[in-house]
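Working notes for the structure below.
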Amino acid sequence: MKHFTSVLDIPSLEDWLSEAKALKQHPRKHVHLGEGKTLGLLFFNNSLRTRLSTQKAALNLGMDVMVMNFGKDGWALEFADGTVMNGNNAEHVREAARVVSQYCDILGIRAFAQLQDREFDESEPVLNGFLDHVSIPIVNLESALEHPLQSLADALTLEEHRTKARPKVVLSWTPHPKPLPHAVANSFIKIMQRMPVDLSIVHPEGYDLNKDIVGPTPVLFNQEEALEGADFVYAKSWSSYQHYGQVLTEDPEWMVSLEKLKGAKFMHCLPVRRNVVVADTVLESKQSLVIEQANNRTYAAQLVLKKLLEQ
Amino acid sequence: MKHFTSVLDIPSLEDWLSEAKALKQHPRKHVHLGEGKTLGLLFFNNSLRTRLSTQKAALNLGMDVMVMNFGKDGWALEFADGTVMNGNNAEHVREAARVVSQYCDILGIRAFAQLQDREFDESEPVLNGFLDHVSIPIVNLESALEHPLQSLADALTLEEHRTKARPKVVLSWTPHPKPLPHAVANSFIKIMQRMPVDLSIVHPEGYDLNKDIVGPTPVLFNQEEALEGADFVYAKSWSSYQHYGQVLTEDPEWMVSLEKLKGAKFMHCLPVRRNVVVADTVLESKQSLVIEQANNRTYAAQLVLKKLLEQ
Amino acid sequence: MKHFTSVLDIPSLEDWLSEAKALKQHPRKHVHLGEGKTLGLLFFNNSLRTRLSTQKAALNLGMDVMVMNFGKDGWALEFADGTVMNGNNAEHVREAARVVSQYCDILGIRAFAQLQDREFDESEPVLNGFLDHVSIPIVNLESALEHPLQSLADALTLEEHRTKARPKVVLSWTPHPKPLPHAVANSFIKIMQRMPVDLSIVHPEGYDLNKDIVGPTPVLFNQEEALEGADFVYAKSWSSYQHYGQVLTEDPEWMVSLEKLKGAKFMHCLPVRRNVVVADTVLESKQSLVIEQANNRTYAAQLVLKKLLEQ
């Protein structure tokens, strides 16, 4: 594994989940592994969980961390090749990536989809811009298309709370006032497709995700029907993929409630809008795993950093 | 002491001041106490002294520190319960507090009064929002109503510079072009009421502080009279409490000068507006203790962190 | 050396370059030198290389680092003496400098020229404001007039790549859409004047630099002629010094190309605007030293910090 940019970079998910559980038992066991090594975290977008859990993971491994809000504290970056740079962008990613590679041992990057132009977002301009020119491993802290640290934490959480050999897992679209990216849904689908679970997806018409990612996973349009017999319900809001970046409906009927969940566990990546995405009562119930998912972000990040340090 | 949110959380001020003096003599003596422990600092408002002195205090105890400008770098928080979160706030404090508790061992929070609505400010929405849902100790880095780290540093400074068993201490209102919160004044009054000093307060009409905090402390309206025979003059600007958040006067006659001080020591929490709050000549004189107060911020924070780590 | 604010603070450049090369070979050799010491980095302007390389340098010496974007996260500073501070500035540098001196062992400061008023910029209000009142060593992270860490890294890079006893070095002005400060050019001239090189400067009419800095160094106005036989071409954009802060021309004829360079090595401090300052093909060629210059920023900073720690 040269970089960790996708859940598909995980060679054996089963082995990784075992090792993540072991790390969680003894988080400081490898505190000398990262000594004298520096993790750089470049944020092109806001972050709470990713920012703090990835720092904590690095500290658990004895690494130093340098955090930078790139857009606010650095220079506006140019990503297109061959441009005459006489506009607002002061530095090209070709220089930035090569330069930063010299100050860090591992580089984390967060750069969301902009949801204006699908082709542009799918080219992963920021992540790929750095990937093309760095000489150190990159960790994806959520890019336009994937949020693999989140999905690894989700898989760990599901693994810890499963009571069946093959639980039923439903990814349900939920309403949201703002257009949101597809990264979390994409990575969750990809990682669940590698787990011993029965995965299905439910969303309103017009909210189909990328068919290449969905693949053979069943897609339903009726939430009640989809949630029938579910063991885990993963709620996520996303904007339309076909009508790229648009909010087609905010239908409150799609909000997740205790009644809909019945006995199922509730999962969400956070931040979550209460009483829009999910009812307060769900989040305050024992069925909610959202706080544990966030906790597992530390061990997901720590495992990824450990793997990159060891190679 | 579960949290440190008020000067009233100090069990024995005398013991704490002794211990703070000892820490100041040997700041790195307990450098192994905080090993492997992480302090999270969440700033909802700007900060210079608190930001740097609290970091320094944690480093002196061997802790790791993660600093976050919450409002700028994270998600806008909702604090009200039961809200349908379809507005600007992306995350509820119920999630944020529980999540952050998992990445840190101690959490510092700064969230000023907004001075728009007294009842709202007095509910301490941010501090109490976190207190209600964290599972780790919280340190108040200045909330709507208190600034206890400042007052602990002030008490230490006064203790170091007292030449009498029972010095006369005057808290004097001073002019300021902008409406300022009452937190520093509140905490100073509370801590001085626990010290062997003669405390009095002086301010123009209309600037009375919360009567429940002032209690039996004498209040005067004539600065010259109030400062008569003072050993320590603590200057502080605050907006009106009755006419909540308003600036009723900027009367330059209330500025502190060497003439007014006579031999008294001058104290202020900083930042201070020169030649508005106090004359240049005071700050450049040996009577000014403001730089030492700022120095003592490190040891006040270090003592609080040490107490929380030890329990 | 009390502070490091100018390349002229380097007592023996030859010795320093030798020591910098040694540090580069064994960056973690002195990892105990800075134990328990804290570097404060105050940014009044944006930064990528300086921010990360100076942190990395401090970490290599075992120091703790506290980074603060002063303007955004602290209080607006007043620098003028005697002011009645009833405007926007909340704190005077007299307090800020004294206070910060108590939390740090060394202080780095970045504050660019504002390019509005030459006399104001040449008074170095921020840097000198701090210098006048700190009690700890200051490192200049680029001030209005100098960028000495950059120039020390440049000298190291040139030293590593020279193939002649006395190479020909040309500092060439290049076009830029925005008015840029003179700090990098000033420091580069000053340090090259101390090296065994043949230095010359070339720029369009109206772009003369400060005559006191240029001194006896030859100045040309014809780029082709100036670059004839050059071993190193250092490109830099700057605004007019006579017509202070103005962009007099953006003439693309002054862009550096492979054709112009012939066999010369290309140097630039970065960030660089591709195809405005220099052609893509130069930056992607082996003649470009810009990435190595950025790499050497770490060792330049590390050497300066080491010298300040050792004294």
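Quick notes on this structure:
Every chain is named by a letter (A, B and C) in the order it is written, and numbering of its residues begins at 1.
Simple rule for what comes next: contacts are C-beta pairs under 8 Å (C-beta built on N, C-alpha and C of every residue); 3 or more make two chains touch, one makes a residue touch a chain.
These numbers were taken from a predicted model, which means no experiment stands behind them.
Superposing subunit A on subunit B by their CA atoms means rotating through 120 degrees, a value rounded to the nearest 5.
Homomeric contact subunit B/subunit C: same residue numbering on both sides for under half of the interface positions.
Chain centres here are Cα means. That of subunit B falls 39 Å from that of subunit C. For subunit A, the set of residues touching two or more other chains reads 72. Residue ranges on subunit C touching subunit A, taken from their complex, read 28, 31, 43, 46-49, 51-53, 55-56, 59, 69, 72, 177, 250, 270-276, 280, 283-284, 290-291, 294-295, 298.
Subunit B meets subunit A in the complex at residues 36, 38, 40, 64, 66, 68, 70, 72-75, 78, 81-87, 90-92, 94-96, 98-100, 102-104.
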